[in-house]
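Look at the two complexes coming up: subunit A is in both, with subunit B in one and subunit C in the other.
== the complex of A and B ==
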């Protein structure tokens, strides 16, 4: 049984690798450009001004160009050449700090509020419409409002992460708390457990997996939001990096940034996945 | 950087810059803008060098003797020996000491990565800000709306702005009202109408009905010039074409994707479209209005009031940079400095074509237009009046507009003139002047008649 699972995992990895190779090969073939001779009548001076022969992006960059971008950025991730040009490591750190602040604030608000909503059907019905209306709003829509009213772009960025990542957590916490099994609450009542102890020792562990699922979704959203927010607000962070490279139409660097965003997002998700596993229990 | 090290045994101390065989010959030569900047006290190191050279010339009237002395004792010893008897530091301080104390030294200045911002940016690596005792951080900003918001939030102390923005913000058009002053014009000319390659055979604007054009911002000279250009060719920009506000990098991407037919954009985006072979330069903006302002250096009026000395220092730094940028000799060097990611983040080949005015037009020609972009800082009141007439023409301003009052309140022409004299730049005596836009004369004294003279305008 165990060996069958291992074999399957091995085969899956091989398949992943094969897919990657196939995609890279296809990408390479599609981006091969024929050696261009100068069009008739074009002078060498004009050709130089048009960037003929120089390294420039024309459509989708080739895997080799992107590979070079990876090497350049990863070989020196912490350089600092002035306020508008920092290494990818520094940019990531800025983004992660922003996400941590916004997400942390969201946790601080969502958990107690979610508990309150979960425990009180009245509150749940009263707040329901507001949550449903605010939940689907895009971060890009919040940004102008935040910038104009908060009057500070870095706080606005954190606010936008907060406001976008709070909802899944809030809803899941409320749902988790509301659906704790009646029997357990009844047992607690029979034993005359105080309300605080009931919340911490009965409801919280029972609702923990649902709450963590909400957190995991929220973290995913926060990481999605940060890129958009930083592209808008600029200055620092991985989103700014994408914007700055896009400004130069330097697609290899943009692809590199996409890969980095993906990998970091995956790492964050994995982290919450582990937490979720730890909180899960068998009934 | 032409000053020679007076403590080197190999250089000949001939004149202050080292390029002439004697001081007299040096004095006879007309000064380049860069050297004028040096004389006005702009280059830190160069100033010190000039001072040291002067002292060394006084100590060793015979240059051969100086070189022998330095060879004998070594460069460092010579430097230390002379420094021990001549207080270079104090002399230097005296040379600069014509300012009051600075109220604020750490400044944040915003810019959008286009060549219009060149002087503002160049003042940083060339040390012009430092020379004035200012510690300036240049903040690259993602778009004009954000520049506006960050200036209004006081996150930026001052910023590179589009020419119409300080006027519009001061009047509360398109935002809450906040008085913003224009210290200098950043650049004149330097924009272009770019069309997609598929329109190479369709150069007559009369056939452009239904075209989609990108502009960087509503309150931009680009918008006003494009509207003017289209209207002169009989198209109503509000009904016959579509104008879309688009960030500059998106302009090239959208042109490539065929989403837009063209744009009136800032450089280096225009040249970039040519370089990336997606478009061609239809007309340069100087062919619409030669000498039009594009961007200005905007400072909130409150900042000017609260920090008069800092503002004066900032003024001198910016003007020194403008003088430097006007000199065609400095343009290739500027392209080199501006290209990296910290500033414009564009290929050097593109920026160089913009700054030197020798460029490929995308139609197969190499054109030489040295006036493609210039950095004349003088904020003519008449420029402001023209901008206001066009904002009125297209309905951005409603009701009666007090053209002259607003222009004279927002544009700090008197200050500009004073500080230009301080850094050795010639400033015109007049404050208004007549000019022609596409052959039609603009009389600044009759703005309302001018607005009404256009057949195509917003009712």
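== the complex of A and C ==
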């Protein structure tokens, strides 16, 4: 006999599948194009040169076209034919490395600084206004400044990821550290635990769930921002891929890229969800 | 002059209000000594500063005046010499039961190797009967078991003195009884010096050698020291057969219900009280102790208030 939870999950999956089929069917029906008759006096070759008759030109591509794009890209994800023609796997790898570098740098800054802010009410009050002002700034607003001062588009992209992912981590770390239960700190005090051991063995695990929540939010923002940043900066990455395919008017490829961005974003979120679960403790 | 194991001299604590002005002191002029191996309980109504006294002894809180000497040395800041069992067990929920005790043992003997630390921690967990659940997380234990882990953790560092802040307050009566027995057994086996806060009169009589009665705050003081004159071999099951039990119990309850509030201001009880030498009382054995009797007209309204 199956448990109620399993049954529920099975039914939810079936419903998801049904919704997907319905959306695809509707999409298909809406994108059926009537056979275009060639205007009189126009040969097929001339029509093609005018951009007519080729199937991609107007309106939303059909599911079949997008499906073909999926197959083409996924069957050969790592090809490299020059600067404007790289496989989706390579583009993704560029984006992920940028996110990892920017996010990693943000962790290196946000964790120690957040610890300091969380432990010192003085520092918390002194740095509060700066954080409050800088936090709501759209990461892309930093782009011109970064491009001008850093003079390297790739590093500028990493800097933008850094600057956007630092705030949630900083704020959550400070909050988590500041709200560690007094009694655990008192236990450490009565046991004459040194400051370093107290930070690593008491405060860090106590604040870990809050810190990881901040990291998860940061990673979500970083993945949102990398696409936009790469569109601006160009060259490589999944964002540049989207922009390039838009310039090619290859909308099936754009839709494919949207799906890939969504799936990778979900995977990253799932990863941090797992980490969060590992750090969470029940009281 | 003989040196006491622990001496409290002229202790006072004043908290400040939001505007930074000092309030009336919670307690003041506290004098007290505890000898090695003694079990001392402190009883008083909420707000008389019991927990603050304990925190000062633990070194977690600073007194506003006076000082605490332990074996002749002034207490300043927390120390591994004094183990604390906290009111809300204060176990770290992300560590297993064993690791919680290990954390304390490693603090006490940082030079020990991991197997020795674990074996030592295990010994104390088994002492409180929790060897079987060593690998569980605190959240998987009942309230009584968690409190026993807290006791094992405090004992495991083999402190010179144990401070317990109402350790059984949150437990049901049945669990409380079992753990009291356990604590009694362990304390007797190790001849540990203990200072304990409790609200439970019976608990105090069962466990303590001396019971400190604190008057109501603010300006609380040690009104009397009651000596528990029953043999140390008393148990929870048999102690109510001892006639002394009821004499002591009545004395404590009388104090809490009627007399604890008479020490404020310039009342007769306060005037007759010498905070340097609070009277040592042995209820039922000597009636010569300086217990200021209340005039009848002051007892009646109090009784009416108690009975609602």
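Just so we're on the same page, the second predicted complex is superposed on the first by the 270 of 283 C-alpha atoms of A that agree within 3 Å, B and C clash if a C-alpha of one lies under 4 Å from a C-alpha of the other, contacts with A are read in each partner's own complex, and residues count from 1 in each chain.
Here, a contact is a pair of C-beta atoms (placed from the backbone, for glycine too) under 8 Å apart; a residue touches a chain by one contact, two chains touch by 3 or more.
Nothing here was measured: the structure is a model prediction, and the numbers come from that model.
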**Request:** Name the contact category of A:81: first (subunit B only), second (subunit C only), both, or neither.
**Result:** first
**Prompt:** First (subunit B), second (subunit C), both or neither: which does A:191 touch?
**Reply:** second
**Request:** Applying the touch criterion given at the start, work out whether A:29 contacts subunit B, subunit C, both or neither, answering first, second, both or neither.
**Result:** neither
**Asked** First (subunit B), second (subunit C), both or neither: which does A:281 touch?
**Response** second
**Request:** Using the touch definition from the top, say if A:200 reaches subunit B (first), subunit C (second), both or neither.
**Result:** neither
**Request:** Could you tell me if A:183 is touching subunit B, subunit C, both of them or neither one (first, second, both, neither)?
**Result:** second
**Complete:** After superposition on chain A, the subunit A residues reached by both subunit B and subunit C are none
**Prompt:** For the complex, which residues does subunit A have touching subunit C?
**Reply:** 181, 183-184, 186-187, 189-193, 201-202, 205-206, 208, 279, 281-283
**Request:** Would you mind writing out the residues of subunit B in touch with subunit A in their complex?
**Result:** 113, 137-142, 145-146, 149-150, 152-155, 248-249, 252-253, 272, 274-277, 340-343, 345-347, 349-350, 353, 359-360, 364-366
**Fill in**
Counting only contacts in the complex, subunit C reaches subunit A at residues 58-60, 78-80, 82-84, 86, 88, 90, 92-95, 103-104, 107-108, 137-139, 157
**Complete:** The subunit A residues in contact with subunit B across the complex are 41-43, 45-46, 48-51, 54, 56-58, 81-85, 144, 147-148, 151-153, 231-235, 240, 243-250
